[in-house]
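First chain written, first letter: the chains are A, B, C, D, E and F, and each begins at residue 1.
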Amino acid sequence: MIHRIDRHATELPPPSDPDPNGAAAVQELMGGKFGEMSTLMTYTFQSFNFRDKQKARPFYDLIANIAAEEYGHIELVAAAINTMLTDPAAAKESFPSDSLNGMDGGANKQHFIAGGRAALPQDSNGKPWNGDYVFSSGDLIEDLTHNFFLETGARQNKLKVYQMTDHPAARALTGYLLVRGGVHQVAYARAVELLTGADLTKLFPSPRIPTDKIPECQPHIERGDHKRIYRFSPEDFKEIVAVFKGPHPETGEELEVVDGPPEGAPPNDLPAQPDVFAPDYAPEEIAQIAQKLREQAGLPDEPLGEVGVPAGGEGMVDKVKDEVKEALPG
Amino acid sequence: MIHRIDRHATELPPPSDPDPNGAAAVQELMGGKFGEMSTLMTYTFQSFNFRDKQKARPFYDLIANIAAEEYGHIELVAAAINTMLTDPAAAKESFPSDSLNGMDGGANKQHFIAGGRAALPQDSNGKPWNGDYVFSSGDLIEDLTHNFFLETGARQNKLKVYQMTDHPAARALTGYLLVRGGVHQVAYARAVELLTGADLTKLFPSPRIPTDKIPECQPHIERGDHKRIYRFSPEDFKEIVAVFKGPHPETGEELEVVDGPPEGAPPNDLPAQPDVFAPDYAPEEIAQIAQKLREQAGLPDEPLGEVGVPAGGEGMVDKVKDEVKEALPG
Amino acid sequence: MIHRIDRHATELPPPSDPDPNGAAAVQELMGGKFGEMSTLMTYTFQSFNFRDKQKARPFYDLIANIAAEEYGHIELVAAAINTMLTDPAAAKESFPSDSLNGMDGGANKQHFIAGGRAALPQDSNGKPWNGDYVFSSGDLIEDLTHNFFLETGARQNKLKVYQMTDHPAARALTGYLLVRGGVHQVAYARAVELLTGADLTKLFPSPRIPTDKIPECQPHIERGDHKRIYRFSPEDFKEIVAVFKGPHPETGEELEVVDGPPEGAPPNDLPAQPDVFAPDYAPEEIAQIAQKLREQAGLPDEPLGEVGVPAGGEGMVDKVKDEVKEALPG
Amino acid sequence: MIHRIDRHATELPPPSDPDPNGAAAVQELMGGKFGEMSTLMTYTFQSFNFRDKQKARPFYDLIANIAAEEYGHIELVAAAINTMLTDPAAAKESFPSDSLNGMDGGANKQHFIAGGRAALPQDSNGKPWNGDYVFSSGDLIEDLTHNFFLETGARQNKLKVYQMTDHPAARALTGYLLVRGGVHQVAYARAVELLTGADLTKLFPSPRIPTDKIPECQPHIERGDHKRIYRFSPEDFKEIVAVFKGPHPETGEELEVVDGPPEGAPPNDLPAQPDVFAPDYAPEEIAQIAQKLREQAGLPDEPLGEVGVPAGGEGMVDKVKDEVKEALPG
Amino acid sequence: MIHRIDRHATELPPPSDPDPNGAAAVQELMGGKFGEMSTLMTYTFQSFNFRDKQKARPFYDLIANIAAEEYGHIELVAAAINTMLTDPAAAKESFPSDSLNGMDGGANKQHFIAGGRAALPQDSNGKPWNGDYVFSSGDLIEDLTHNFFLETGARQNKLKVYQMTDHPAARALTGYLLVRGGVHQVAYARAVELLTGADLTKLFPSPRIPTDKIPECQPHIERGDHKRIYRFSPEDFKEIVAVFKGPHPETGEELEVVDGPPEGAPPNDLPAQPDVFAPDYAPEEIAQIAQKLREQAGLPDEPLGEVGVPAGGEGMVDKVKDEVKEALPG
Amino acid sequence: MIHRIDRHATELPPPSDPDPNGAAAVQELMGGKFGEMSTLMTYTFQSFNFRDKQKARPFYDLIANIAAEEYGHIELVAAAINTMLTDPAAAKESFPSDSLNGMDGGANKQHFIAGGRAALPQDSNGKPWNGDYVFSSGDLIEDLTHNFFLETGARQNKLKVYQMTDHPAARALTGYLLVRGGVHQVAYARAVELLTGADLTKLFPSPRIPTDKIPECQPHIERGDHKRIYRFSPEDFKEIVAVFKGPHPETGEELEVVDGPPEGAPPNDLPAQPDVFAPDYAPEEIAQIAQKLREQAGLPDEPLGEVGVPAGGEGMVDKVKDEVKEALPG
């Protein structure tokens, strides 16, 4: 079972200029062969299918816990795509709207037809993710070797996507994921080494991405997130420490296991997009019903959940855009 | 983000006689169009893609929280399949083994070739789950209407699978899921009713399954799990109470929201299956390495994680089979 | 647009002993690459996409009309599969039923889980039909050449399925389709010949199936159905006669165009199968509601639609089985 | 079986400026999960697989008859796509042509490579339609509930496509389909209500599309097509009247069943596109052969089939464009 | 088994201006239903599955040998795509690069994310090639008839792609393949004629492409490549001569079988593209290691393999572009 | 380009008792994610897409050459499947045959319907191979790392299939492939080591399969095939020696590069199966035509191609079965 925590693993900028072409590219990180759904589901199935786990618990705990982190990654990819698809102007269209007319050729048409300017479980060519991308052989060394390779391919994809769009949300996303993917590579390489003696750390960085030259990676490296496994459980997976330890293969710093998830940030509240009926043609009606239901249930006036940037008005969007421009490179 | 809790939502019996044909049927509940991966990913994407959530939080909280429960359901389906595929005799085979020879025609061959007698993200015909099964339109009423229908189809599938195999693990699984799926139907029907006035509760039970006649459903109904939403989060999704309330459409009992996940049960530790290299041809070598690593890390002799039935020896398997025979109907 | 006529193109025997393994094989004729959905949709799209049709109307009429016949063929394949899946004993099971338990390994599990003992748009390996099987290039000669080849492959498949099961419904189905497929081959060969001079009739029979040695083909050949195109339209497609004419390549008989569809036969009314909820767990409740609605609408006591063998009681099934045994070879 | 009637359910404008990007979007209405192939095939299989139909004939007749109407809808979607892909200038290209060079990035490349500027059974991302989109459980209430939801999703898709292109053919298409899809929703909602008592009509309109604000919907509403089921059969499906009756949920007008199909309109004869060999590189050769064959068969000089706008010359295209501009909004 | 010969079947121009949109279209010739992977794998499987081959060896030899030629065709299609994706400017980018930013909407995004500006086994809509495209029935006449049709469809596709891009590599590729595909059509038509008497040669050219009007076809026709089968084996397939003989159906020239493959040309050495890590972020490091290994192995300073245009510097690219402009039409 | 050599890489036993269930399992080695089509196409595309190859030729030569060997592996897998599907009794059936009736549930139905008792590009669940299984990133180190992992997974699959059937053809096949796959692992591990210093050889054997305990592996190990790369080219790929050298990681023996392919064996001539029309319903007619054509072409009476066991009569089959029983273990 899981507890869900309504926070993002890292902060993303709020919507600015929409970038449907870029959002279509980011889909590879969601539903591509090396996307986050593949890492999430591969490690999840490996943990479900682990046999004789009491006797090999440090390895079970490692895989099961990284699986948990990956859930936060599909969450973050979705948020980045949604941010890139949000059009502040769409809220002001009359009905029927012209806001989708003449959509850029590079866009994923189903972002608008099947979804409400929102993420889909597809790759960058619009092909749905499928279960064939999951690898769970049951052979522990083979699974770990695979996982190391899977993270390698994933990092390659992340860099490519980074280079395909300069939208601030895509850059913030890939900057973060490049760092965290690197940690998972270290973890799996270490596990393979401990089981076989093979020194996979010589392969680092793999691919040979000089992460520290990427501006959006730097804050995460400075914070130490490149050498840290978070333990995503209140009580479980405590035996990770038996595997994830020793020096980081690139920096030599000591690897560390941190109890609990990263602090992260509350998700932004993305504004309604009535032109695609998200959440409705007339979202204020839903808001009224919800408010009445909240009153009947004795809930306070303010919502109990926290968000980062509120859905807000246009003024906010402009302000945010200024801040983003200052805060982000390029 | 999520916290992962290493417990199952309900207790499953340990391995007894293997049932590969039945396990292949249970795959529909994992990777079929109406399987648990579809409910998990549909609600998860709907929660990721929710817009203007502060204004409609009771509905957001409901969807996001049911998504969290579904993670526990794919976990349980996997455990049932793995239990049904486990062959206590397989551990005693010499190399190369004959244990897979002449496998029953109804089996999913990839359970053995791609997996280590273990679950795959496929349906009952061996077709991989794919992202086309996710529905996330962004239109709140449409999404909720869809979810009601999705749970309806899912319950139909569960009953069919119940009838296709009498293996105790499949029966325990479907008995539990039929009850919990019914609760999700109630939740979505109530949400649609509150937003539109349409009285979907007249459709219950849907399909017209008399759940209380199914022996494996009865303990869950007696415990009250048919009228209860668990809140799968330490701090979030508190506004569910504004929607999930009022009388249960079939029994008239008051619906209730419970803080925290169900007590559940620790997962069984399924034994190694060396004939399919799970976790290895010689699992004791892995155990030795793990034990050494545990010592080096200062961990106690006993594993820190809890399991239900331990992987144990053959005697245990026989004993457990006796207990199961007594405890379960049919 | 279409008019739908609630009759089958030929008569099928009623349910006798169920044959799920055979029914799974017959699915190839529904949803395989060379199945009836492929012929239906290929000719339908070719007719939709035909350009400059007034100038080439005899060819347009030919393709559009054969498309119409193919609708009757998917109808017939579905009826045969449903007949083979029907289990008279299933109606008498208590709830929950054991009727699906231990299902033969060769069965398509989704026949029971996704469908109610009923046909699906899949092939004999349970893979869904897909639009890639449609060929519609817009090039008239290429489309016609393709169609000739498509019918060739389809006939090969029909013979193979004939040989894979001796269930009377499968035999009646394939006997009929082998004859009709042969007519379509003649039609397309003739069209190619008239446009290019190439004498495709030398290829007949193709594949070299001696249809007249197959008992279930014989009644259709005797009736003359091997040399006849039916015009499936009240007013349209009258220019077929400009193409479909001359001697039959195998028998030398004159080809003929018949106005209107074949007489065919009313479809059998297959009995309810409550164990798979088709049409319900308690079908009599639906019957009562329907009867009340019929009365309110002033409809007569007897249904206005005609069926062949009524859904009836068990006695009937036995009787029919006797008749079938007498009437059919093997 | 079917009779095919060579008319369209409604009139579409003739080709004007080509819009390949828009045509690619319209494909969602053909081959998407909620496209017309899904409604056609879902209802068709439900009617094939219906059990005990004499006892539940009003419901059988309803489903079987709507299935028949859907055939006319895939026909209309294909015609709109073909119209949008037609390039009057393409006919004048020398060989080899440059007409496809530099094709707009949003286009579906297979519209030109696999097809002859023509419709394909694919969705808006170029993915083929597949049989997984068909739902036919055999459980009558579940099937009807599903159908209501399917039409809901389909209407959402139609509006999105409407907004993605302002090509007159796409607008005329979606205007018509939005109205007819609404009728099917009413029909299925009424059927569910009569079987269960659940008042689904409170959900209307669903999604909350104010159809009467859409100019291209208005003529169909004015004609009464929003409250009318056409009976697409000469003799069958007469018991629909027992279900489709009572007040329209939005307007309160009495629902009505009309014998026979709508008057509709003859399809336009789309001009040859020799640059993509449709129907040939030198279409006049085919025309000559056809004319000779017609003479030999004793057919009159004028084709026996009727078309709307003839394939004609360029002057006609310009003239038609003027008329279209006058007749259509925006 | 095979011997691989590191030469191309014909010469392709070196990289000039990149054309990602055109490269995406050329993918249809690789991984489309009628692409070269389909011809390669269809003939390969037919040769693997051929029964009683000693008694029908001339036909076996024909199919097996054409299969061998097709390997050279997928090689050539890949080379053309890679040439079109190569960007000489990409080598000079700093890290992280902006070279992929704002990529043209018509591009296949996975060309850059999954591949290193390189070919993929996909079609022009980015859909992976799949085994359903292989036809191998075992029935010799049916297989040969199919092959004739497959080549017909393939030629249609090649012309369409020719018309969709004027990049010199695409034009050189399609010019060559149109001629060779025509030879395969002749071969299969002749085989069918010899087995059945059917005169398929009347269908030529099929489609009605006047190949001799296409500038890029002319050199190959002049060389005689339109009437020649190369025997792609040192010792085998010598019985082709019993089938591939007689006059060419279009020109009347005598068909001929040539021992050994065509002379062809050494492949160009496409330059590194460090922005997509092909073969690395810092390719010179790989070059140094390779050079050292070569020395250790006693290999000469110059590589033992031959290439056409060397990967070279920018000056070369410009020079080559000039030559290409002079040498190629349009 | 390639030369094709009509010999198998190793000898397979002739048909004995058919084993359709086993043949279906062996399909995983053809068309599964880790099957030989995946290794063939992955290395082939990597060689096509290799950039700056002159500077990294030892690595290019290694990959291109292993790609060539893989062609021989799909050939061998097909031959094993075909051998297992061959039924000597099928040749004696009258028409229409009952030979396919009641086919074992574990069989792949398309082996008989789509193919003529013959191999298909599918996996063990009947799912077609697809291009998504190809990995070709362009990044040399990443590609090589992937290849090492791919071979690891492939070896795991081979052992599982070995254990699923004891048919002599399957055992001979997997025995050979396990040994050759191990060589490819060594080759890729060595390449990675030379480029990065990472000592992957510590992972051997991977998976931990004690190959020397498998009887069908032993003759190949004794012959030295476990330490040998064959150079599959008359003139090219000579720089492999710069990479494939040093001690074998398991045995310490010196690795060696052999010029030219292994001696192998001529393929058996599998007998006609008229019940599935392979190569025809009446194969003797084809034989007569072929013989006449051979005479006309001046070919000698005996076919020019060599086969192992001739298609022959039944007596031969029995004799061969005896030999096989003696020669093979178990």
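In this text, a contact is a pair of C-beta atoms (placed from the backbone, for glycine too) under 8 Å apart; a residue touches a chain by one contact, two chains touch by 3 or more.
It should be emphasised that the depicted structure is a prediction, and the values quoted were computed from it without experimental measurement.
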item: Contacts common to chain C and chain F (chain labels); value: B, E
item: Relative to chain F, chain with the most remote C-alpha centre; value: D
item: Selected from A-F, C-F or A-B, interface repeating B-C by over half of its contact pairs; value: C-F
item: Per Cα centroids, the chain farthest from chain A; value: C
item: Length of the line joining the C-alpha centres of chain D and chain F, rounded to whole Å; value: 49
item: For chain A paired with chain D, centre-to-centre distance based on mean C-alpha positions, whole Å; value: 40
item: Chain D residues counted as touching two or more neighbouring chains; value: 33, 104-107, 114, 122, 125-128, 132, 137, 139, 141-142, 156, 207-208, 276-277, 280
item: Overall pattern in which the protein chains touch one another (line/ring/star/complete/other); value: other
item: Chains grouped in pairs wherever the two touch, ordered by label; value: A-B, A-D, A-E, A-F, B-C, B-D, B-F, C-D, C-E, C-F, D-E, E-F
item: Complex contact set, residues of chain E against chain C; value: 33, 132, 135, 137, 139, 141-142, 145-146, 149, 152-153, 156, 192, 196-203, 206-208
item: Complex contacts: residues of chain A adjacent to chain D; value: 95-110, 112-114, 122, 125-128, 275-277, 280-282
item: Parts of chain C lying in touch with chain D, wherever the complex brings them together; value: 1-9, 31, 37, 41, 44-45, 48-61, 64-65, 67-69, 71-72, 74-75, 78-79, 82, 114-122, 128-132, 134, 136-142, 194-195, 232-239, 241-243, 245, 261-262, 264, 269-273, 276-280, 283, 286-287, 289-291, 293-294, 296-297, 299, 303-305, 307, 310-311
item: Touch list for chain E against partner chain D, complex; value: 21, 24-25, 28, 32-33, 104-107, 123-127, 156-157, 159-166, 207-210, 213-214
